[in-house]
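In the two complexes below, chain A is the common chain; its partner is chain B in one and chain C in the other.
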Partner chain A sequence: MAYTPQYYPGSTSVAENRRKHMSNNVEKLREVSDEDVTAMLGHRAPGTDYPSTHPPLAEMGEPDCPVREIVTPTPGTAAGDRVRYVQWADSMYNAPSTPYWRSYHAAINHRGVDPGTLSGRAVVEARERDMELIAKEQIETEMTCPGLAGLRGCTVHGHSCRLQEDGVMFDMLDRRRLEGDSIVQDKDQVGVPIDRKVNMGKPMSSDEANKRTTFYRVGNVAFRDDAEVIEWTQRIWELRSVYGYQPK
Partner chain B sequence: MANFQNEATAKKEFVKAMEVKYGKEWGSNQQNDDIQATTAKYLRLGTAQNPRKMEMAKIGAEITKKRGLQAYDPMLHLAGIPLGQRQLTPYTLSGTDIVCDGDDLHYVNNAAMQQEWDDIRRTCVVGLDLAHETLEKRLGKEVTPETINYYLEVLNHAMPGAAIVQEHMVETHPAMVDDCYVKVFTGDDSLKDELDPQFVIDIDKMFIPEQAAQIKASIGKSTFQAVHIPTVVSRTADGGQTSRWMAMQVGMSFISAYHMCAGEAAVADLAFTAKHAGLVEMSEMLPARRARGPNEPGGLSFGHMADIVQTSRKFRDDPCKIALETCAAASMLYDQIWLGGYMSGGVGFTMYATAAYTNNITDDDLYASTEYGWDKYGCGIGKNVAPSIDVIRDIGTWGTLYGLELYENYPTALEDHFGGSQRATVVSTASAAAVAIATGNSNAGLSAWYLSMYLHKEAHGRLGFFGYDLQDQCGATNVFSYQSDEGLLGELRGANYPNYAMNVGHQGGYTTVITGAYTGRGDAFSTNPLVKTCFADDLMNFDFMEVRECFGKGALREFDRCAGERAFVIPAK
Partner chain C sequence: MVDSNSVSGKKKPIQVEIFPQRVLMPDTAEQLLNAIDKVQGVIRMVIQGPSLPNRVACGPGAGTPVNHPDRRIINVSGHAFELNIRLGRVQVEIEDRSVKEKLRQAVDEVLPFPFEYREGFFIRRKATLTDYAKYGFKSKTDESINLDDERLLGLIDPKAKAKDRICMLEPTEER
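Up next is the complex of A and B:
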């Protein structure tokens, strides 16, 4: 199924980056192996089969159903995978992505996803192999700076905390840290140690993060300087308010 | 007590609170940070940095040993990693100089917070006029100021649980129920002057003249009783017990004071008129799906909550101060006790509420936004600008951008409000209350709330937890609706209002907005003059005038107006 690019108002770099995330027009910046992604997610041991919750759909003898005929199952659904999650925390100090834009990226560009959007974290749930593809895509592209974002299933505080002196986002469970000039991760999403040190690559410089971020803030691109976004937001609020006021 | 009065002072106090929190050592957290720096040292000192945590750990270990069963142990926080991987910082109670640990703002640890709710739950207002009419017309009794005084003497003996009329009755011990009493108030000055002053809430003394005149005009010649049953009774049963307990003692006191037959049919008429017909509960019953009796927090309207807080009697010229004290009282009750306790259970809800009443952050936002609105539209107390989409959009946008940029300019404030839910509540509360203050209209304020939420989400690419998407993204479409089950005047909405019932971090904010409307108009009360007057009483245990200071005393373990204690009847230590 083909998706058309999504649109978002605004003339600033932040608005442009938001459009890029929504339309999956994001630059690949690093390579992380499939096994390393699996290890960091922590749902199964790397190299093992995907646990399933039901037999493959082809073996289930599904009833006649027009919806089933229209919708092609995702690979994970067809195989009967469990629904599992990938959850991110993104720093408010110009991390490239923000919770809503991680959710929009997943929901617009992938099928069979269930994003949840909070302030400090964004979770995407999907059939396990489908989720892994989304996770890998977000890990390897400009959506993620390994110093300013982290895979965190729990204990997600850090997005609003001041950065560490080395410029890395605080993580109470110390799942990943700066070693040399790269970020290495040696615990899974919920802080359980894994059998490897995954090299996540160099964190972005502050100039690069400023350039790639989808977050408005003073000192970089202030929200008040993107008049078009503010005006559209006000317009949506006004139209909804007026629509709701129908004294009849 | 501190009264910021204007934006410049509020900003100064905000900076001071940040410096206390992040610029000075607290315990041994080795903190001395620049409050505007974007980086910090993370020393990972654990709970050892904080004396309160160490006290808790010590007592937890003692409990474990004494009962032979695991109790509190901070190392169980997460696989041997305790709290305190960052600095454990203190909290300034906004509008005061009181600094405390966050733990001391959990209602379990704070006797003042408990007493706030006790004092609301154990209170009801009951009219006297219908009972007097029944006495005169149905029973042929003469009602005079002298008989009323005698009735009130009897009632203040009986209301705490003393026997009356009948033999073979047991009684509550007065030492257990010394917080229980009944006073009366009326808009009839001639009657007031003839009543024994010990029983009277004197509106002229408790309110400034302009407010007193407004309240007396609203009450008219009617007379009401302000009833506060014993805290220990209310705690043992539920909020519904308040009017039941009141009713029993009122009925028996009439029988005694007016020498009535205890069995004739006419007494049924008196029972109805004296106990029920003129009854005003603090809050309404909830429907079956959230089944609670009356006088439980879920049925407490924002308007009643605004009237329970008494700051307006002393600080009429500072609507922000009134709104902020109400914000604290309402956030504590609705978030910490109602949603955090009754509806959810647990610990985390405290942090939603404290964001609204600590470290002067909401204060800074509200004073700044109010000054903007007043300056732009030439407003003042009682001098409002007509609400319109343009005015709401202007003040609401200005206040939201100011509040968001405060977090961006002060990374320590951002760290203090570590969750977007806290930030969304604080920024929306301030910008919406400023609109309400400028327009004198609560629904205009609530409309600004939703605009603020929209802007916040777009600015930061995040808002609060899932619930903020639920009610804050759909709220604009129903905020002006007055259709049944969709809309009401803001004052009549409450914790069980359809769109507001689910989420922490909102109901205290809405109450702040509702408060802004009446204080912006310069009115003496928001919704119900009976409720406002009932709590205009220095004998109340909780200080509804200076809510945040009272919470601070509770946090410092200095609150000494506790009621409902059992120490008198249990073994002394």
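Up next is the complex of A and C:
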């Protein structure tokens, strides 16, 4: 029988959403073009070649190594791309993804990534074209609500602020804003204006955000609502603290 | 903000904080501040919230103008000043407890969503050592702080420049 990974315990909607993000079984909600993603990331001009740090691996003549024979390089590695990052801030007010879950999504479902998780933001570093693929995947799917999450390479302040009157997460650099009923972004990750207005689509309604979130939160689904999660959290805490995390 | 119409040495002032469920856009902030200012018995207030900077402060885009559309001039009781924050909370000193309920009603009429309303001590009234270092004594014989209006104490950070941060609202005819 084929093994099916069991990513996360629990029976609540939050636990189910966490499993979805980890297994990449996420619903696509919007369409953003490759050029728009490139412009918003701000690492290179849309339409230009990927700058490289070394020649393509095929031209380099790699040393004889059994591991290199087993592992197929990612497209970015094979082409010698630079390592670049995508960074997100997600609102504590029931944004679809928590910082950890963006990292889990990248680390479980993609190769050659270096995710970093902080309290209010998640950064993923990878070869440029691999990173763009991950960024596009996260932008277009239910992992992101354009109103409650934002691409923020710097000045990430906002994830723990109260929402604005219009229900959008605060952004002091005004990278994206609500125009009409859609979120529009006209700056890149670091606040430099870009030559286009990228339509990120409608922000989620409060009910939809509550349904799709991976945040445990009193007022929606509290952490204490899920007995199985509590049980496993306590079990892992006990194993790692009492036995030095050496289950035998 | 200091209301020079409402000075009273006899009554015992109290302080309240208005903490809305959402951070306010400039139009609502303008309405709220005007509504608070119209309440008889308001002595001074402090507004707080995350800042809307002029320029990107860090990262590869440092120095780029932000041009935030919500960083704009608002008008409170005929005085124009630049709102360079997203208004998150307002702390108000009022003459006595009888003003508290009137203030709550005024805020309730303006804010379209719930808010927390609590009494406490938010704006200090006594000079600290840092204030003395900044303003000095009145004279060699008078060791009180060298400030014409002691209501200015506690309104801004001692190291901040008062210009553009404090707004004095003059009394108006209809009061």
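Following the convention adopted for this analysis, the second predicted complex is superposed on the first by the 237 of 248 C-alpha atoms of A that agree within 3 Å, B and C clash if a C-alpha of one lies under 4 Å from a C-alpha of the other, contacts with A are read in each partner's own complex, and residues count from 1 in each chain.
One rule holds for everything that comes next: contacts are C-beta pairs under 8 Å (C-beta built on N, C-alpha and C of every residue); 3 or more make two chains touch, one makes a residue touch a chain.
A quick note: this is a predicted structure, and the numbers were derived from the prediction, not measured.
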Examine A:Arg162 and indicate which partner it touches, taking first as chain B and second as chain C; both and neither are also allowed.
-> both
Determine, under the contact definition given at the top, whether A:Pro193 touches first (chain B), second (chain C), both, or neither.
-> second
Have a look at where A:Gly153 lands relative to chain B and chain C in the superposition and call it first, second, both or neither.
-> second
Between chain B and chain C, pick out the one touching the greater number of residues of chain A.
-> B
Given the touch rule stated above, what does A:Leu118 touch, chain B (first), chain C (second), both, or neither?
-> first
Where does A:Leu173 make contact in the superposed view: on chain B (first), on chain C (second), on both, or on neither?
-> both
Shared contact residues on chain A - chain B and chain C = 154-155, 157, 161-165, 167, 170, 172-174, 191
Chain B contact footprint on chain A (complex, rising order) | 18, 92-93, 97-101, 116-120, 154-155, 157, 160-165, 167, 170, 172-174, 191, 214-219, 222-224, 229-230, 233-234, 236-238, 240-247
Residues of chain A defined as touching chain C within the complex = 42, 153-155, 157-158, 161-167, 170, 172-174, 177, 188, 190-193
Chain A contact footprint on chain C (complex, rising order) = 20-25, 28, 50-53, 56-61, 64, 66-70, 86, 88, 112-113
Residue ranges of chain B in contact with chain A within the complex | 37-42, 78-79, 81, 85-86, 389, 393, 397, 401, 404-405, 407-409, 411-412, 414-415, 417-421, 423-424, 447, 450-451, 454-455, 457-466, 469, 476-482
